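First chain A sits with chain B, and in the next complex the same chain sits with chain C.
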Partner chain A sequence: MAKIDLSNISHTYNPKDLEPTYALNPFSMTWENGKRYAILGPSGCGKTTMLNIVSGLIKPTQGRILFDNEDVTSQKTENRNISQVFQFPVIYNTMSVYDNLAFPLKCRDFEKNKIEERVQSVSETLNLSSFLKMPARKLTADQKQLISLGRGLVREDVAAVLMDEPLTVIDPDLKFRLRRNLKEINEEYKTTLVYVTHDQNEAMTFADNIIVMDQGEIVQVGLPKDLFERPKTTFVGYFIGSPAMNLFEIQLHTDNSVKINDTTIKTNTNLSKLKNNNIKLGIRSEFVKVAKDESENLVEVNIQKIEDFGNFKLLTTKMGQLTIKSKINREIEIANDKVKLHFPPEKCCVYQNNKLI
Partner chain B sequence: MEKLYKFLKYMFIILWTVFIVAPFLWAISTSFKDFQSVNSKVTYIPWLDFEPTLEGWRVLIKSPARGGVDIVEPYFNSLFVTCTASLISIVLGTLAAYALSRFTFKAGFVRNNDITFFFISQRIMPPIVLSIPFFIFLSTIGLLDSLIGLVVVYIVLLMPIAVWIMVDFFNRVPKELDETALIDGCNPYQAFYKVVLPNSIPGLIVAGMFCIIFGWIDFFFAFILTFTEVQLLPVKVVALNSSITPWWSLSASALISVAPLIIVAFVVERYLSKGNLSGALK
Partner chain C sequence: MNFKHKYVFLFPGLFVLIGILIFPIIFTIRLSLSGWNSYTPEMNFIGITNYIRLFTDDPRFWESFFRLSFLSVTTVILQYIIGFALALIVWREIKFKRFFRVIFLIPMMTTPVIMTVIWRTFFHESLGPVNDLLGNLGVKPILWLSDPVIAKFTVIIVEVWQWTPFMFLLLLAGLLSLPKEPFLAAAIDGASPFRKFVYVTFPLMAPISIGAIIIRLIEASKIMDTVFCINFWRTRYSNRNFKFLYLY
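Coming up: the complex of A and B.
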């Protein structure tokens, strides 16, 4: 339970090389007490490095970490009062389930009654009560991961619980329930939870705030809605949402309109200061609709493919060389090969050099 | 077809068992014979073929009245040297192996793997190459022909084995285990002995077993580095031989020399069959 400040942090694994490659480029961020954060990004983007810096397993090449305004940069992991759950179950093979769960408390000299009480409470949350006396090594992989998770949650006073894709090995049903449990734990104890994942749905449903990373860079921090509707870079647009955001090379036309091929599209963005190079238009397939009676922002396309996903239909269409995808209501019948699609101006995002204008 | 396979399988197992057990049966039977029963006609079964005697065993214990050879003292010398050297090798070797597995070392072009190889390379050289340096070394520090001197030499011989096995073992213990222990509030030393070490017991047992075996059976260094003050079992057993080969006492001494290793094997086998050792060695 602490506010965590990461101030101008950066990290490289080869600091002595002439041109070190940075796993994390300099950034500053604050994690508010009691909130849920998800760090989202493809493999190798620096998510785990960031967690390890916070837990103290790695000392950052540069920058400071503050827990409640106290500098802990040079403090060792064991003194930081943080808990971390790894992607794959890490259990103490030689101990029973109970001893596994009690270990973090025993290491910190908690009283016996308190240990008993906490272990009981955590094991109930995680459905482990009936296994407490069993040797931990005899459990299945997902039960083992529950033990790891339990060890992360057993201390109430931790500054933050860091989770590195903790639910990867757990089956979907239980995953869903556990995510809800984690949320409840967060709401009850006001523990700061940081959750690393590459699954956007997991991130969207779990977190108050999502941190999107790419190649050691923090690309966007925001609410799920912001990330979805106004991605700050084309990477975020591409990475979040399924299918990815529609992106087209465009030409500037007037102060608030652009041209795709020969079609004029109005946007709500002021484009007067832009120069005509590497400009892209992005729009979510959810916002691209089959035109009814709109007169503007219409794009005529050829239908390539219609996939029925049950709750929606996904149209894959072509406009010249450009591919446009559109998620439409499944009741809508498409009779022709040609159809007009409508781009609502307020949903059109314009990017220059892959950054949102 | 399946029956034939089963038949052949059991035949093979039986043959193999006979092959392994026969020398032991032969040694047991011979150890109870006297000169007559060995040298006259072929005999197998006590009381029927020959009259058993304890003579072969008795000469192994020195008695003022009858002379005898006394392998009791060398026996305990061997036990002491093997156990002490193995224990020290395991302790030091495990610590070295943990460091080699978890930390990155750099000294010029030398990296972790080179250091590990350096340890193993001690066993690549033919022992004879080491004999003269060891001899000079021990005589310089005045430990020639002493138990402590032998322990020192055996540590040099056994530690590479311990390091080699334990590095491999620790490499397969995920480093997240140590990290979790740190996060749970252990300091690095506690993480090692509270978490990593208990998880490595199978590896320790295997390493210990190899150390004990290699220490116990060494003849070469025991022969070169000792004279009269101290003798180890293998040297003494060889010394039993004379112009008339005393098959009976040689058999008896062979049996009691093998005994500790058989006990070790049985203990480890029990552990193995409980499944606790699975994955300890590939």
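Coming up: the complex of A and C.
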């Protein structure tokens, strides 16, 4: 268990080129001991590169990595005392499940009793106790992934467990249970868990802190609630949430209001210092409601489509050329083609050059 | 499609298959059940008499069978060990990796008969450089070609030299196709290079190894040119029928 500092880290896979392309742009960050972090972003955004830098499988082009203030940048993976679980299960085919789980401890010359105790404890947590004597290769893909995970958790003193989309091969039911298990392990052993995923639901339900990445850049770090309600960039707004955040080109009107087409929308943001250039308004479809008795912040729209998702309805509406989506209670019946939608001012986010004001 | 058309299209392939594979096998089996003498020079059916003779009264067959087994198994094992070691060396990031990869392949590119003749010159008991070098080190001349036991090892040396590159090539291709993750996982688990080899590299290479060994065993069990060329100077064919070497 350790505090991990990433200090001014950046990485390129072609450092000898005249104009190297950076898989990871310079950033600094601290991962606190015992917390759960999720690194979230689309494919190719630099998530795995970041993870491999921490585990030591890649040496960063620039910057330092500190484990509990000790510089480990030049240390090899095996000396960093971390553990990593890969996207696809990695097991030792010739060994039994028990030997697989015991392997990291055997390699570190632990005593037999200690190995036995740790393997039993981890196998119980992961529901592998009844398979311990079986050859590991005979297990199913999700059980094999549990072994990979188990090898990561079997060492008590591990600085962090890094997981690179570990639940890809696991079926949805088990995924849910495993995420809960991982949380329990984190709470019980205070192990720092870092979880790479492109699935926002996984990230949201697993992590204390979510690191959102895009094109080698860290675009936002925060609690799931912050990412959802106050996305720092339009990318985060677009990437997180389903459907994506409603985003419109707008004109500034007064110090705290904007105009969408000819409709005035009040916001809680001070807009006095902004120039009328590439300004956008963002609002989650969850916060856009069919107006009842509100008198302000109303937009009149034409209904295009109503989709019933069982627990909610999704309205797709048009205001001129703009598309506005709204998640509404499924009991609400819409009788007309035209309807007024209400934008709560506190939920409106204003972006200039795609960055939150 | 019409039922009969299927057979029309299948026929050429089937014809070739029967002609070059199935017929020779059946013919060979029939031949093994035949006797021959100059009074009735035909395939006279004699039942399993030949097989009975093989198992009861044919020491020459068993002698050559065991000699061949010894030669092929020993050479293939040595080729596998050396080939694997060389492949492991150039698999890693070393200097002049490409150069070594090409160098290791050269023996396989040469014609077996020519190389055997050259090796025979090396091992020539009075004129060859091997005994000359050993002589400088104080070792008595070794009968590389004429001692029946040592000559077997000479054949093994030549075979191993010639065919290790084949093993090297297959095993290197296998190593290069292995996934990275198991090696990364082993590094993270703290495995030593020995443990990595035993628990990761070797098991992952098992299917490729089995394929390579079987191919080489089949080839090695047909060994003829090397043995013949190493020894043909001592046979009665040596001077008269030199031209047949061009067969190889």
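Keep this in mind: the second predicted complex is superposed on the first by the 357 of 357 C-alpha atoms of A that agree within 3 Å, B and C clash if a C-alpha of one lies under 4 Å from a C-alpha of the other, contacts with A are read in each partner's own complex, and residues count from 1 in each chain.
Operating definition for what follows: contacts are C-beta pairs under 8 Å (C-beta built on N, C-alpha and C of every residue); 3 or more make two chains touch, one makes a residue touch a chain.
A quick note: this is a predicted structure, and the numbers were derived from the prediction, not measured.
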Chain B and chain C placed together on chain A: clash or fit? clash
By the touch definition at the top of the document, which applies to A:S148: first (chain B), second (chain C), both, or neither? both
Touch test for A:F86: chain B only (first), chain C only (second), both, or neither? both
Inquiry  = Which partner chains sit in contact with A:R108 here, chain B, chain C, both or neither? Use first/second/both/neither.
reply    = both
Practice problem: Name the contact category of A:K190: first (chain B only), second (chain C only), both, or neither. | Solution: neither
Checklist entry - Does the superposition put A:T94 against chain B (first), chain C (second), both, or neither? => result both
Original post:
First (chain B), second (chain C), both or neither: which does A:R177 touch?
Top reply: neither
> Touch check for A:K59: first (chain B), second (chain C), both, or neither?
Replying inline: neither
Both partners, chain B and chain C, contact chain A at residues 55, 57, 76-78, 82-84, 86, 88, 90, 92-95, 103-104, 107-108, 148, 151
Within the complex, chain A is touched by chain C residues 181-182, 184-185, 187-192, 195, 199-200, 203-204
Counting only contacts in the complex, chain A reaches chain C at residues 55, 57, 76-78, 82-84, 86, 88, 90, 92-95, 103-104, 107-108, 148, 151
Seen from chain B, its contact residues with chain A in the complex are 174, 176-177, 179-180, 182-187, 190, 195, 198-199, 201
Per the touch rule above, chain A residues touching chain B in the complex are 55-57, 76-78, 82-84, 86, 88, 90, 92-95, 103-104, 107-108, 148, 151
